[in-house]
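Read through the structures below before going on.
In the two assemblies presented below, subunit A is common to both, partnered first by subunit B and then by subunit C.
Now for the complex of A and B:
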């Protein structure tokens, strides 16, 4: 019988798979942006803001950041599960990390859509 | 059963980290974890940089000036390594999950590649950044 605790993993394939799917999304996005950057003769403010001016690029950037945040959550949770034993401290770290990541989501939307 | 239980209780823990000799793939693995932690902690800084770079020409120029300091550049190069190592070690794990790497030789060779490529790219991009 698995001892299910609130600060543990979700005992399933979901997070494992999510970590890999988000990784693939990020790898494609980063490769695309890196390729774009290599093709630019000079990287100034104009070219940079031009890249982020369309809704398409903003949406894919947000998709990248959401993948990153979810990926980071699984990674941080794995690290905490390995090194932090007291459930109370674990819970505190988990809640802090989740709240921080939710704030990053809001911030990311504001940054990308120039709010 | 009883004997087994007692053995479990007295089983020694070998946690003398300086005495543990990891295989190459073990170093790639722990560095993947370390670089991931670094990148997570750097997230607010990276988001702030994206924010400043897009907000206006003034904030863009300010950011560029700030990032020109030697210590900041060193930190950036450190983060660059963390990103590159995490990226290539991550691709290696995806390759393993897809059964593209086989056996001990495959594990060793790919570990060597991950360490070498991420370090080499850090040097190349670091020199360019400097």
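Now for the complex of A and C:
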């Protein structure tokens, strides 16, 4: 194969936008949880269990974690693009990161719904 | 006045080195380029580019005390001694302060830096309203000195793929031009994780631009256009 500089993978905008949207989701979640925590007179095990007992909070938390994972994927991929040049090594790292993040999603569901 | 200047002649030197120079000169109104010209009278092997000597041609861009700038419009009085002068970072050195700008201009050409208009040429000229013309302010003034692009870490890591702040400012200059008809193709050309989106808003470009232009803002406007096109 000739060694040409190839560019033109059309996902620049999509990922850039996704990173902004996921950042907004994370900001809302963190502010909401922090605000809620500040309003509690005492923060014990019972209070936290109560908060996470409803499906609403569990779903919101999962949305936060999905945003975090997707955000992290784009960030890690950007770093790998800058510093890892051989395409094969880069692909290997990309696949490993994606698989790890998918595992985190499964794990997060298990924790949130106490499976 | 003391100077430390990067010297490298690939034909004679094994490695680059810093050479000390002294000049009997009061800073006054003199610019750094004046001092370099005097130093060249002392040592005619010192290599640097210059042409207009008034900040218009962009030939004498160099790294001055760790910051990219044009020697001809940098007052000596503003510089801490010893004044350390190096070539622009991130580009191959041809000799001393002279760098190989091929990569920089390749990226510049890649954004089609010319008006694309398929209408038959009018008899006189393609007129713009003053409002439309004002859109080009802050864009057309770029002199392609490469101070911004070579100060950009994203360009250091991916000079072959990332267009760089200067090229992107020029890209927006043509996207913003009401006489241009190639908007879609221009946006397609940049819709890539490398060419435009390697910009992480570090803003070194804005910090060093000797013409006080704002490539980061132009890049943001290109992104806005892309979002508008997508949604």
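Methods note: the second predicted complex is superposed on the first by the 103 of 115 C-alpha atoms of A that agree within 3 Å, B and C clash if a C-alpha of one lies under 4 Å from a C-alpha of the other, contacts with A are read in each partner's own complex, and residues count from 1 in each chain.
Convention: contacts are C-beta pairs under 8 Å (C-beta built on N, C-alpha and C of every residue); 3 or more make two chains touch, one makes a residue touch a chain.
This is a predicted model, so every value here is computed, not measured.
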Just to be sure I read the superposition right, which of the two partners does A:35 touch: subunit B = first, subunit C = second, or both, or neither? neither
Now for A:15: first (subunit B), second (subunit C), both, or neither, which partner does it touch? second
In the superposed arrangement, which partner chain does A:7 touch: subunit B (first), subunit C (second), both, or neither? second
With both complexes superposed on chain A, which partner does A:86 reach: first (subunit B), second (subunit C), both or neither? neither
Quick check for you: in the superposed arrangement, does A:75 touch first (subunit B), second (subunit C), both or neither? first
When both complexes are superposed, which of subunit B and subunit C contacts more residues belonging to subunit A? B
Both subunit B and subunit C touch subunit A at residues none
Which residues, counting only subunit C, touch subunit A once they are in their complex? 154, 157-158, 160-161, 188, 190-198, 200, 223, 226-227, 230
Listed in rising order, the residues of subunit A that touch subunit B in the complex are 20, 23-24, 27, 30, 45, 48-49, 52, 68, 72, 75-76, 79, 100, 104, 107-108, 111, 114
For the complex, which residues does subunit B have touching subunit A? 33, 36-37, 39-40, 43-44, 47, 50-51, 53-55, 57, 60-61, 87, 90-91, 93-94, 97
Quick one: in the complex, what on subunit A touches subunit C? 5, 7-13, 15-17, 78, 81-83
